């Protein structure tokens, strides 16, 4: 088996913007992109299968097994000049070279559909819980940084320190013919937990960047539930010896 | 060397059903499929060799070495409309992508022989010894779940939690031209021991599903022997501190 | 780079017998084969380079670096109907599939030169020091076991338990067109040390099998030196808590 | 993605000498080669991208992400018959076979440009801090050792003990059509720290070998800063129990 795209229907999009939210630190990209799919009623138009994903089927709640995959959703937004391509999935590659192969497949889909911009979503793990998580940014040389700073996206030297690993990084870095402007949005997160609060904040930024409204109430509820967990963890941390997150462990961005 | 099939004789089967029992948790699939081969007097018709299997020969009791391999047996059952293809072997792939390659080879054989159904057999590790192990099921979208529930196969949300890894999963998930209906039968098992009792129970289910009689006496004897071991382990567990199986370790299904 | 053979001169051999002694447990194969090369004044006729060997150069004592490699030596023995091909090297493959690729290259050379028999040499680690190390044997289906038992090579059930890993196993197991008879000679060894005594014993067996004289004095000297080390280790073992070699660690045969 | 060279401009060089300084022990090669690039005002003429490098982008201080890469710089030195090719980069291969692929790409560039000599730079870790680090050498069979010994490069048996791993070794060992003379210069270093002092000493040797002047003041300043760190570490070591560097860990040369 080679990495391959399985189209479920013809894709016919106007000036699409691609948003990638594969699993990574805090599952911020995954939470944000899946929320977008729900809110925008996006439809699944393609699947990517790859021997670089884990050799595994996922069993759905009704007992039906399906191969681990990456999914391509597309959405049209009323009165908006840009359609959307949303990339989510069960896993990233489990092998070094597989990350490149999968990112190239996603970029191929982006190019074929005349994609105007790419946003990748990840988490930036700091090892600490923050009440007001920042959104950090990185861009490729074709994306004007100013577009992000105007929307309160933060650029800070040495953040992220270890670079951006996986699809969220490679979609910015791999050179393509069309030189699609691409930016990575990284939600500040502890790195210890799944973080809907940070995902919600990323979505607010995306809402401003795309100039679309996104109802994030559901994520807010999950964030509130998580906050209770967080406050319990904080309490525990104060009671116990503070753990020392190592730089290496926290570098993964997704 | 590429993954390749070495045919030992011409295969000529009527509407075969393929049963896979490669090594995995509790060796349930292996025990069950090898028992079937013995009971049905199946003959070996092909071997699969692969550079993704361990680079190793097995030395038989007479001192003769042979390459690690996967074996294809076939059997005809009197007055039964379906012949059988049985897949057993020494190992599964030791590399991620190799799992896909080997599963695709098995599916190729299935398709070439007009296979009507696929059953894969695995173990579902719970970390606990059970006196009455359940048989859990999973199906692909072409296999009617009802066929299994009628034979007391259990479908329970979150079981298996981590998906089905290896050939037992991939044979359900990899898409083929003929869309062969496929189901995975997973015997509940502790995950600590080789489990003939669970294998025996799977065979009873297979006996009902295929409507053939299978004498499982030999497995029962091994199960009784194992039960003594189990009761000793249980006793030890009660005396000592209960070990905590981790979710990760127990996910492997085979 | 692909695995490739670099011929240094034309090879022109009569009914050769191939002897493989790549690094493995106790370095028994390597010691024995290199000793043969010295004693028989064999000349190097080819080198195998492979990206599956470590990405490394070896620096010789004169400061000259050379790529890690496998070496093919050939020797003609006076009044003997069989010439010899000797396979030694710095390393075995560091990757699973690479073991197959390298073994296939060696078999290719064997076939092209009309090789009559293959002997592979390894060590069988027992975790214990033995004063009278046995030589264990394994054969492929084309090699008559009796030839070995007549020369005091031992066949014992469950030895080696975990099969024969690496080139010493694969050269027996990989199927070739000419079906060359092949046997593996495994010197009993502790698995803790380089073992010239066991290598010397293997050479005596090979001397009988090939009906050639081999002066093993040099190996005997090294064995005597090693024995002093062994007796010191034994003494230490008795003083301290006996270490428990695990089955897994000791399986590697080379 | 395959390993590929991305040319930024036409390369037109006279009898170039290639100097490789990819990351490795003590980052000596990287420090020395990057210093040369600065001092000689070398210009970047090509980049190598490879799926064997980490799947990662580096985020520059201005927030712009770029794919992990190897860089080829070229420089012309006034009144000097040899132009220079300088090879630096973010990483070496993270996979065994990838090391070979990347080294072959570098050698391809060397051959295409009629390269006369290759110098690779690495560190030789000794586990001890030295006030007067030696420069050890290794050559391939086409490079006259005398050229190095005349410039106080040391050849000592068993140094480096474990061979030279990675690009610094492979560029000497992989056979090419043109048989380019190649030497590896290894700065003695502890293996614990980034070592600008050793890099500075290597540059002095290179300065003599190439007969060009290289101002190493900047490296000297970094070396002095590092020396303070070193003396603190030494003090700590004396106060605490001396750590025992293992041979294996220290073998990597780069």
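Letters A, B, C and D name the chains as they come in the text, with residue numbers starting at 1 for each one.
Note that in this section contacts are C-beta pairs under 8 Å (C-beta built on N, C-alpha and C of every residue); 3 or more make two chains touch, one makes a residue touch a chain.
Only a predicted model underlies this, so the values are computations on that prediction, with no experimental measurement involved.
Taking each chain's centre as the mean of its CA atoms, C is the chain most distant from chain A. Averaged Cα coordinates give chain A a centre that lies 37 Å from the centre of chain D.
Separating the CA-averaged centres of chain A and chain C is a span of 52 Å.
Touching chain pairs in this entry, ordered by label, are A-B, A-D, B-C, C-D.
Those residues of chain C lying in contact with chain B across their complex are 93, 96-97, 99-101, 103-104, 137-141, 145, 155, 157, 159-160, 162-166, 169-170, 172-175, 184. Considering their complex, residues 1, 6, 49, 51-52, 54-59, 61-68, 94-95 of chain B touch chain C.
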